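Listed next: structures, encoded as C-alpha cells.
The same chain A turns up in both complexes below, where it pairs with chain B and then with chain C.
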Partner chain A sequence: MNSQLPILLFLVPFVTAVAMPILCARRRSWCRPLTTGAVSVMVVLAIMNLRVVVSDGPIEYALGGWTAPIGIAWLDDPLAAIMALTMSAVSLLTLIYGRVAVTSKHDRSIQYHTLILLFVAALIGIVFAADLFNVFVFLEVAALTGYALVGAGGGKALVYAFRYLLLGSFGATLYLLGVSYLYAATGTLNMTDLATRMPELITSTAVVGGLIFVFLGLSIKMALIPLHGWLPGAYANAPNAIAPLLASTVTKVALVAWVRIEYSLIEPGIEVSHIPVLVLLEDIGVLAAVIGGALALVQTDIKRIFAYGGIGHIGLILVGVSLGNSTALAGGLFYLINDAVMQAMLFMIAGAVLHYHGATTLDDLKGISVRSPWITGALVVVAVSMVGLPPTGGFFGKWNIVLGALEAQHYLAVFAVLASTLLTLGYFLRLFSCWFHQPVTIQSERLEIAVSLRLSLGIAAVAMFALGIMSDSIVRVLLESLANGGV
Partner chain B sequence: MIQAHDSVIVRTLGRIVIPVAQLFGIYVLVFGQHGPGGGFVGGVILAASMILAILIFGRDAPDSWLVPKVLHGDGLGLLIFVGVGGLCLIGGGQFLNYSHLEIPGLDDASRHYVGILMTQFGVAADVAVTGVSIAVSLSADDEDEEATHG
Partner chain C sequence: MAELLSALFQRPNFVVFVILFLWGIYIMAAHPNYVKKLIGLYIVQTSVIFFLVAFSAKNGATVPIVSGDMAMLDASAFANPLPHVLTVTAIVVQVATLGVSLALVAALYRQYGSLDEDEVVQRVE
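Now for the complex of A and B:
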C-alpha cells in the first residue's frame, strides 16, 4: 500500500474527474461534495506519503512494472512529497473558498469540477514525473485545463484565456523542442539517466540549445519576467474561485519542474563558453524579482498588484535555487511553498473584496476595513508574510536564501531579496492606505461573510504561521535529502 | 445541425458500409495484439463509422440510435483503462503491471494478453466517443448562445 501512494495520489482526482459526468448526470448538486471529497482524500494520502518518504527514503515508482531507463518512472522523493502535499492542500483550500465565490448564470458545474480535478491530477503528475517527456504531458494537461478554467466565466476573460492559450502553447512547443534536442544528444529522457550522461556533454551545442529551449518554455509557464505577459490579465479576469487555485499552483509547479532539471543536469560552477550558467540564472532571477516588485507598485487594480507580486516572487525563488548551495536551494523551495499559500490567500482576498464590495481598484477599497474585519485580518497576516516578518513562513524562506547568498558571496542576490522586500512593503503600504482610509460617509454596519470564506481565510492565515513554526523541520528534510544526492 | 441525406444510393451504401467498417474497427482493435493496429486506430475507425451514420441518417434518426447513447459514455473508456490498472494495484503490483492482474486460472502470459486487450478496449471506446463528440459539437448549433449573452 505504502509503495503505491504516488499513483493513488494521481488516480483519486483523475478517476473522480472521469467518473464525474456519469455519477452526476442526474444530480448536479453532487459535483461539489464529490470534488471536495476527492481533494480531501488527496490531502490525507499526501500526508501519509510524506511520512513514508521521510522515514523510508525516496521511492522510485515504475509504472507497469517497467523500471527506469526503459519504462516511465515516477520519483517520490522529499521534494515531490512536500510539493504534492502543498498542491493538494492549496487546492482543497481554494475549493472550500470557491463555495461562495463561484458565480455562474447557467449550470456547467459538471464540466467545471471535472476540469478542476483534471488540473489537480496534472499537478500531481508534474510533481512526481522523473522523465522530461512525462513532465511535458502533465504540463500540457494542467495548461489546457487552466485555459478553460480562466475562460470559465465567459465575457472578457475569454480574451485573456485565449492569450494565455497562445503564449502557453508557445511555451510548451519550446519545451518540447528542447526535450527533443536533449533526446537527440543523449538518447534518453529519464532525468537520472540524463544526469549520468550530462557532464561530458554539457558543452555540446545541442545540449546547451536544448537546455535553453527547455528553460525558455518553462519560463513562459512560470511567468518569469520578461515572459510573464499572459499572467496578470488571465488572473485578473479569471473567475473568483479559479484565480487563487491557478495563482498558487501553475507557476510554482513549472518552477519545481525546472528545479528538478536544473539540479540534476546543471552542476554548480559549470561554465558554457565562459558564462557561468547558474550565475546567469541567478541574475535573471534578480531582475525578475526587482522588476516584478516595481511593476506591482505602479498597478491600480488589486488583482494585478497581487499578480505582479507573485511574478516578483518567482524571480526570488529562482535566485534561491540557482545560488548553487543547499541552504539557498532549501530556502528557495521553502519559500515556494509559502508563496503558494500566500498567492492563494491574496487572490481569495481579492475575490472576496470583489464579491462583497464590488471593488477592483485601489480607490474602491476605501473604508473596507470597518465593514469586513475578517478580510482585513487575513490581509494583514498575508502582508506580514509577504513582506517577510517573523514568525511567518515568508521570513524563514527569505532568511535561508540570504544565508545561502552570503555563503556563496553573491551580494547581488542579497540585494535582490532586500529590494524585493522593500518593494513588497511599498505596494502593501499603498494598499493599506486605501484599505484603512475612512470615507466621509461611514457605512459602519458589518457585512455578513459566508462561513466557508471565513474558514478558508482562517486556515490559510493559520497555515502562514504554522509554516513559520515548522520551517526548521521542513528545511531540514530538504537539506537531508540534498545531502543524500536527491533534490 | 446535420440533415439526413435524401439520396437512395447514399443511404443504401451507408447501410452496407457502416457495419463492415464497424466490424473492421473491432478486427483492428483485436488484431493489435499481433500486428499493426490497436486501441487508438480501432477507435478511430469505429468513430468514423458512427460519424458516417450521423452524416447519412442525421443525428436523431432511429438508424443512428447508437450516437446519443455513445455521447453519454465519455469517460467510460478511461474508467475501463483505470479499472484494469487498479486491478493490478489490488493484485499487489504497480499500476498496469499485468503480471499482478489477479484473474484466477490464467498464467503470466495470458494475464498480459487479457490486460492489454482490456486496456485497448478502453482506449478504443474513448477515442471513438471523442471522435463522435467532436463531430457532433462541430455540427451542432450553439445551444447556449442565448444563455451566454442573455
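Now for the complex of A and C:
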C-alpha cells in the first residue's frame, strides 16, 4: 500500500473525473460532494505519503513495473510529497470556497467538476514526474483544463482564455522543442539519467539550446516577467471560484518542474561561454520580483493587484532557488508553499468582495471594513504574510532566502527581497486606505456571509500561522533531503 | 560563409523546421483573425513534431521488434522507437489543444459576432 501512494494520489481524482459523467448523469447534486470527497481523500493520501517519505526516504515509482531508464519513472521525494500535499490541500480549500461562487444559467456542474478533477490530477502528475516528456504531457493536461475553466464563465473571460491558450500552448511547444534538443544530444529523457550524462555535455550547443528552450517554455507557464502577459487578464476575469485554484497552483507547479530540472542538470557555479548560468537566472528573478511589485503598485483593479503581486513573488522564489546553496533553495521552496496559500486566499477575498459588494476597483472598496468583518480579518492576515512579518510563513521563507543570499554573498538578491517587501507593503497600504475608508453613506448592518466562505477563509488564515510555526520542521525536511543529494 | 551554406544545404530538414517554426510565430503574432492565429499555432506545433521525426530518421533501419538476445544487436539497423512515440503523444496533445481552442473561438463568435481580435478587444475594453 505504502509504495503505491503516488499512483493512488493521481488515480483518485482521475478515475473520479472519468466516472463523473456516468455517476452523476441523473443526479446533478452529487457532483460537488463527489469532487470534494475525492480531493479530501487526496489530502489524506498526501499526508500519509509525506509521513512515509520522511521516515523511509524517497521512493522511485516505476509505472507499470518498468524501471527507469526504459520505463517512465516517478520520483516521490520530500519535495514532491510536500508539493503534492500543498496542491491537494489548496484545491480542497478552493473547492469549499467554490460552493457560493458558482452561478450559471445552464447547469454545467458535471463538466465543471470533471475539469477541476482532471486539473488536480495533472498537478499531481507534474509534481511526481521524473521524466521530461511526462512533465510536458501533464503540463498540457493542466493547461488545457485551465483554459477551459478560465473561459467557463463566458463573456469577457473568453477573450483572455483564448490569449492564455495561445501563449500557454506556445510555451508548451517551446518546452517540447527544448526536450527534443536534450533528447537528441543525450539520448535519454529521465532526469536522473540526464544528470549523469550532463557534466561532459553542458558546453554543447544542443544542450544549451535545449535548456534555454525548456526554460523559456516553463517561464511562460510560470508567468515570469516579461512573459507574464496572459496572467493578469485571465485571473482577473476567470470565474470567482476558479481564480483562487489557478492562481495558487499553475505558476507554482511550473516553477517546481523547473526547480527539478535546474537542480539536477545545472551545477552551481557552472559557466557557459563565460556566463554563470545560475547568476543569470537569479538576475532574471530579481528583475521579475521588482517589476512585478512595481506593476502591482500602479493597478486599480483589485484582482490585477493580486495577480501582479503573485508575478512578483514568482521572481522572488526564482531568486531563492537559483542562489546555489541549500539554505536559499529550501527557503525558496518554503516560500513557494506559502505563496500557494496566500494567492488562494487573496483571490478568495477578491472573489468574495465582488460577490457580496460588487466591488472590482479600489474606489469601490470604500467602507467595506464596517460591513464585512470576516473578509477584513482574512485580508489583514494575508497582508501580514505577504509583507512577511513573523509569525506567519511568509517571513520565514524570505528570511531563509536572505540568509542564503548572504551566505552566497549575492547582495543584489538581498536587495530584491527587501525591495519586493517594500513594494508589497506599498500596494497593501493603498488597498487598506480604501478598505478602511469611512463609507460615504453609513450602512451599519453587517452582511450575512456564507458559512463555506467563512470556513475556507478561516482555514487559510490558520494555515498561514501554522506554516509559520511549522516552518522550522518543513525547512529541515527539505534541507535533509538536499543533503542526501535529492531535491 | 561557404561552410555555413554547405552545412545548411546538408540539413534541409532542419532548414524546413526553422522556416515553419518562424512562419507559424509570424502568423500567430501578425494576424488579427482568431482562426488564423490558431492555424499559426498549429504550424508551430507541427514544425516541432517535424523536427522530432527528422532527427530520428535513419537510413536503412528497420522496425525495432526484436526477439532473443539484445546484447548482440547492431543498433544502427533498427529505428529508434522513442521519438516516434513522443511524436504520437505530441500529436494527441496538439489535437486536444485544437479542440479546446476551437470551442473557445466558437463561444467567442457567438458572444461577439466577430472573429477579429481588434474588434472583440475594442468591445471588451
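As a convention for this text, the second predicted complex is superposed on the first by the 487 of 487 C-alpha atoms of A that agree within 3 Å, B and C clash if a C-alpha of one lies under 4 Å from a C-alpha of the other, contacts with A are read in each partner's own complex, and residues count from 1 in each chain.
The rule we apply is simple: a residue touches a chain if its C-beta (ideal position, glycine included) is under 8 Å from a C-beta of that chain, and two chains touch if they have at least 3 such contacts.
For clarity, every value in this text was computed on a predicted model and none was experimentally measured.
Colleague: Considering only touches as defined above, state whether A:L176 meets chain B (first), chain C (second), both or neither.
Modeller: In the superposed model, A:L176 contacts chain C only, not chain B.
Colleague: Compare chain B and chain C by how many residues of chain A each one touches, and report the one with more.
Modeller: C
Colleague: Let me test your reading of the model: by the given contact rule, A:Q4 touches which partner, first (chain B), second (chain C), both or neither?
Modeller: It touches chain B, and chain C stays clear.
Colleague: Which holds for A:F162: it touches chain B only (first), chain C only (second), both, or neither?
Modeller: So A:F162 only meets chain C here.
Colleague: With the two complexes superposed on chain A, say which partner A:G154 touches: chain B (first), chain C (second), both, or neither.
Modeller: So A:G154 meets both chain B and chain C here.
Colleague: When the two structures are overlaid on chain A, which partner does A:F14 contact: first (chain B), second (chain C), both, or neither?
Modeller: first
Colleague: Answer with first, second, both or neither: which of chain B and chain C does A:T192 touch in the superposed model?
Modeller: neither
Colleague: First (chain B), second (chain C), both or neither: which does A:N325 touch?
Modeller: Once the two structures are laid over each other on A, A:N325 reaches no partner at all.
Colleague: Who does A:L144 touch here: chain B (first), chain C (second), both, or neither?
Modeller: Only chain C is touched by A:L144; chain B is not.
Colleague: Considering each complex separately, which residues of chain A are in contact with chain B in the first and with chain C in the second?
Modeller: 154
Colleague: Which residues of chain B touch chain A in the complex?
Modeller: Checking each residue of chain B against chain A gives 72, 74-76, 78-79, 82, 85-86, 89, 93-100, 144, 147-148.
Colleague: Which residues of chain C touch chain A once you look at their complex with the stated criterion?
Modeller: Spelled out, the residues of chain C in touch with chain A are 25, 28, 34, 37, 41, 44-45, 48, 51-52, 55, 82-83, 86, 89-90, 93, 96-97, 100-101, 103-105, 107-108, 111, 120-121, 124.
Colleague: Show me the residue ranges of chain A that touch chain B in the complex, using the header's touch definition.
Modeller: Within the complex, chain A touches chain B at residues 4, 7-8, 11, 14-15, 18-22, 25, 61-65, 105-106, 154.
Colleague: Name, in rising order, each residue of chain A that touches chain C in their complex.
Modeller: 133, 136-137, 140, 144, 147-148, 151, 154-156, 158-159, 161-162, 165-166, 169-170, 172-173, 176-177, 180, 183-184, 189
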